[in-house]
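In the two assemblies presented below, subunit A is common to both, partnered first by subunit B and then by subunit C.
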Partner chain A sequence: MPAFSARLWFSRDLREVRLFLQKAKSTTKKTADKAKLKGLLYPAVIFVIILTQLPFLLTIVFSSINWNLLKPADRQFVGLENYATVFSSGDLIPALIATITMTTMAVVSSLLLGLLFALLLDRKFKGRALARTLIITPFLVMPAAAALSWKFSMFDTNIGAVNYFAGLLGLPEPAWITDYPMVSIVIVLAWQFTPFMMLILLAGLQSQDQEVLEAAAVDGSSTWKTFQLITMPHLRVYFEIAILLGTIILLQVFDPIAILTKGTGGTKTLSYLLYERAFIGLNVGEAAAYGVIVVVITIVLATLALRTLFSVFTRGVRA
Partner chain B sequence: MAAVEFVNATRTYEGTKQPAVDDLNLHINDGEFLVLVGPSGCGKSTSLRMLAGLEPVDGGSIRIGERDVTSIAPKDRDVAMVFQNYALYPHMTVAENMAFALKIQKVSKSEINKRVQDAAKLLDLEPYLDRRPKALSGGQRQRVAMGRAIVREPQVFLMDEPLSNLDAKLRVQTRTQIAELQRRLGVTTVYVTHDQVEAMTMGDRVALLLDGVLQQVDTPRALYESPSNAFVAGFIGSPAMSLVSSSIADGNAVVAGFPIPIERSAINNLNNAKSVMVGMRPEDLTVNAEGIPMEIDLVEELGADAYLYGKTPSEVGAPVSLIVRVPGDTKLTRGSRVKVKPTRTYLFEDSPTGKRLT
Partner chain C sequence: MRQRKAPWLGAAAALFTAALVSASCGGGTDTAEEAETTTTETAATPVTITVATVNNGQMKDMEQLTAEYEAQNPGVDVVFQIMEEGDLRSSVTADIASGAGQYDVVTIGSYEVPQWAANGWLTDLTPYVGTPEYDVDDIIKPVRDALSYEGQLYAVPFYGESSILMYNKEIIEAAGLTVPNKPTWQEVAEIAKKVKSDKVNGICMRGKPGWGESFAVLTTMVQTFGGNWYDMDWKAGVNSPEFTQAITFYKDLLETAGPKDPLSYSFNECLNGMKNGDFAMWYDATSLAGLLESDDSPVKGKMGYVYAPVVKTKNSGWLWAWSLAIPKTTKNVDAAADFITWATSKEYHQLVGETLDWNRVPPGSRTSTFENPNYKEAAAAYAPITLEVMSSVNPNQPGVNPQPWVGIQYVSIPEFQDVGNQVAQLVADAVAGRITVKEALDKGQEIAQKAGDAQK
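Our next item is the complex of A and B:
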């Protein structure tokens, strides 16, 4: 019976592995065994390194090469020259300012709107499930599609819905994208990221112990005081996660800028500048240098974000 | 401090026909310790939450002292509540937890400090004032919840099964502490529990509920001595009273062939019914030459006393369970057959909540 013997063989094999592991555990001082155990991990570690670190290493390599796609023959190692160009070009500081302004405005506005909707959707009412689904849809729309529909059906001076309603109400009808490029992009981003913030904050609200809220009510606390003194402290960690994750995603935003303003009117963020240097300026080396700078900023923020996440998890374990 | 009164108070949950609390009329005296007790789903917690304002009142009204609080928000009722899971504010220290209500009332800092210190001393919480609830044991959390109620100096204390999350030993210990504390503070207290021992040992009076309906409210002694119906009789007392549905023959209730005489007054109350519910407490049954035959299933030895758990043999009709108290040095064992004679019986109409006849 081959099937049976195969199973027998397999189970014996498993037992051997277990015995080996037990032995290894009991004699961890034997460095040879330890090394053997660690050796089992290397394939996975190498795979992860190839998948995540190689592209970044390549970007660093590119950033030290003078490489213009128009002159493919003229490729050579130039050290930090690309970084020197980047820092002296006068593009970096405005791009940094644009990135920070856009990210801050988008994060803050989507966070506030997200909190508002989270509070509304935390209540019980008929059709709550439907309302929740609807409120999440902007987050599911492709960024480019969202930017396009805002560009034409909302902001357009002739056919846009925003100015149509502004006209009905007798309000001024500006050329949104031309007159307020930054505000227009932030509106699109806030529209897209409100659901993201809302989901995180709603999870926070739903994880709150209802008995605690009742205790506060019996203790004489008004709804507003309870929100301020009990709910907000409870939501603090959720705010931290929302802000940090939101910031990391919004730092890399590209689609609405490319579609609405093409980086004009002070909306040329680092990621759009990078795109321009690579695909319009065709200067791979310089674009890679910008890329490295963006990655460094993002890594700093991601480290902070991960730390917050871990503190939330350990808190959950301890509670 | 104030008296509390439920007047025809009714609460029906959405989507249910039967009210969770049905036409509750209950007067709780100023300074009294009243225990609401009953099996799960009997409406005891709902009644308490109605009094706290956490549950709306669908009919009737509730008064605290001179005030009708039926439609007053919880925060304005001046009641303090201890929750089953304590509901401590997780991000505040023990001291902040206790001070929370006072801070909202804008009591002066020195006064808050004084009251928190006093409560902490009373409850042995002084070493833990700077800790968060997470870093406390179950018993300590329970005491913080008590402290949070005490510092308020409210008109009424409400306690919703505050001991159910403690281990058995701590529960007995805390039970006495709470009762003693309440006597000392003299604050009207409504205490909810499903444990009849807790109810009997703590309450000045005990209100027993079943399916949202108040069955009886009286002192623990009176509930035990003169239950108003079969449900009360079976619920109060441990081990429980044996309740046996028996046929009537020649003015006697017949339990497994053994006739128990029915008093004349009870016969008048019977309205020609064919059967009657006979209740016998374990201590009212004695092993005797003549009596109800019983086959012992289990002997529970508790030292001074022992309880015989058994059934009537099947030869004399459908078996019924009986519990008999005997002296602790009994020689009886599992499987032996005895006869037991009731020295005192309670007679009820023949239904689970049948009315008392004698």
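Our next item is the complex of A and C:
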């Protein structure tokens, strides 16, 4: 009975492991050695704590102080007053909505475009290597430089390329920054992050088992059916990673907001609001309170998202 | 699973490396620029003066010419830290507020001077500027007033500016119009609407939200319309009828004759637009006239310059001065004072004119510079009106009613950066038509009143 013997073998193995561990324990029971071993760890542990936790602890301390840089005389401990200001000012909810809207729109649009380009670049054609290199460049441009070049050479109503082509095609020529601030920023972000999404999805496409695809073709499956039933399930993990990483990066977006809209028209995200409180309001205490709240919200949302939405983290990668 | 080769990865990697290299090179240059240092041989009792300043052309000229000063004063070493305006403001504020004492000389604007003097952060310069060679009375009076606190001078102006209306003579004349020397806003709006066509916009004004961007222009408009941020009791007047009238006028003017995408326009965008002949008129700083008249400008010699438009007041030009001050935390007060009185002296202006270019002399600080024949010739188009406007503005009471602070296009309270910025964003939403002017200003009133209450 092979099944039975296998189980026996397995349990015997476990018992062996346990015995081995007990032996190992008794040999290192010399407490001095143990202490020494632990001692060796401390510098690294302390370093990691200082590096990762101290700034956050300081932020919490700052958030309980009334501290405006321009009013040195008024600096004092105020407990939770800064938090009260944050919640009563009415800026937090709109900023949260702006952050979620901007991130969602940017992630979805760059993901769809990324998928399109990944599928195109997965095909064989002449000049493919060059096309792939060219299409990655937007991601390599510094965000501030990208925002500036969009502002002056694309969205400009006099000399901008977008309205020039819109005019040629007889389409309306909108005042981008004034009338469509959110859309303008999302366009810049989608332009920058499409290559990022494309790279991840392209890696997914290239790791597909060719034999499966060939088998599907032999069985007479149409291109669309193959894509729908084989490629898309295979890409799921890659989609999840692309969405997760893209969201993490796009949540912190700052440059295009500062350069294009200055936070008007519903584009004042949490990161821009925090910057305004700290560097225009020069109110360190209030800015720190915002920082703490943002961290708490992020931890809660990220935990929920990771636990429920992403199979990568719940089930692992099944290749 | 079959492995596929990816030859493009190599190309991508190469490109990425190139980007990294160029990025790090760029970073290197930036740091070098930010902390450029000038060093000379030091004598027996060497003194090092650290100067924090803003990265404008005139300041870079000062750094270059400081070698002359060091040659005259052996043993003094002047070190410059040149930064962007925003970085300068936050790093200097943090340095002085915390008493770190890193800087011996700081470059600050007229907005900061009276506040920092009130905080006790700045050295009173009155004892150092009394010499006949320095001739403190030669400094344009409104600038001197803006840099004083309780009758004492706390900073000396490096250069100053007011605001004027600049116009393209060719466009205005082609439309058969004239711009009066002292126009009213109503006249300007009429002209702007008449010259507006498919190719040319009537007027350019800063629309990008910010206390130093759109609200530099808007505060002067509000004041000449009879409104103001606060009255003598620090009661906010943001939703007063006059303030509302000014903002509505600005919004209408932008809609009917302004740039198509107003919220993306600040002075750089307007400057480009003027040079391209996209605009007939432009209301902005006097210091920008020099750029329209420079050799590389296509509109050089085609521009006319008149007073800032008014409604109820006689003048409505603003007043700004980049100034040099000495923080209380410095240990080298005498050496620092000696340096700043040199950098803002008549002798220094002469030096810039002779060694560099008369158009590069720091404008708008000294009356005598405007009388210099060389400067008069180089800056003939805009120098006379710059001097006239700068001497006639009144920072003590720019509007119709008295105000409890000194300053024109800002309120000299620490909260103003924040208040001005938030109200500017609300007004921008109103200009874009997302909310009404009334909604914007009612919310603005709340924000402004909170800051007003803190002053009582």
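Please note the rule applied: the second predicted complex is superposed on the first by the 262 of 319 C-alpha atoms of A that agree within 3 Å, B and C clash if a C-alpha of one lies under 4 Å from a C-alpha of the other, contacts with A are read in each partner's own complex, and residues count from 1 in each chain.
Just so it is clear, a contact is a pair of C-beta atoms (placed from the backbone, for glycine too) under 8 Å apart; a residue touches a chain by one contact, two chains touch by 3 or more.
Computed from a prediction, not measured in an experiment: that's the story for all the values here.
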Should the pairing of subunit B and subunit C on subunit A count as a clash or a fit in the superposition? fit
Counting only touches as set out at the top, which of subunit B and subunit C does A:Gly281 meet: first, second, both, neither? second
Which of the two partners, first being subunit B and second being subunit C, lies in contact with A:Lys225: first, second, both, or neither? first
Output check: A:Thr101 vs subunit B and subunit C. Expected answer is one of first, second, both, neither. What do you get? neither
One more residue to check, A:Gln252. First (subunit B), second (subunit C), both or neither? neither
Should A:Leu140 be classified as contacting the first partner (subunit B), the second (subunit C), both, or neither? second
As a test of reading the superposition: which chain, subunit B or subunit C, is in touch with more residues of subunit A? C
A:Thr298 contacts which: subunit B (first), subunit C (second), both, neither? neither
Would you check which partner chain A:Glu211 touches, where first means subunit B only, second means subunit C only, and both and neither mean what they say? both
By the touch definition at the top of the document, which applies to A:Gly265: first (subunit B), second (subunit C), both, or neither? second
Partner chain in contact with A:Asn158 - subunit B first, subunit C second, else both or neither: second
Considering the aligned complexes, could you tell me the closest Cα pair distance between subunit B and subunit C in angstrom? 8
So subunit A touches subunit B in one structure and subunit C in the other; where do those two contact lists coincide? 209, 211
Residues of subunit C touching subunit A in their complex? 1-2, 4, 6-8, 11-12, 15-16, 19, 23, 86, 90, 93-94, 97, 115, 119, 207-210, 259-264, 273, 276, 278, 414, 417-418, 421, 425, 428-429, 431-434
Subunit B partner contacts - residues on subunit A that touch it in the complex: 209, 211-212, 214-222, 225, 229-230, 233-234, 318-319
Subunit C partner contacts - residues on subunit A that touch it in the complex: 68-73, 128-130, 132-133, 136-137, 140, 142, 151, 155-158, 175-179, 181, 206-207, 209-211, 260-266, 268, 276, 279-283
Subunit B - residues contacting subunit A, complex: 52-54, 73-81, 83-85, 87-91, 100-101, 104-105, 134, 148, 152, 158
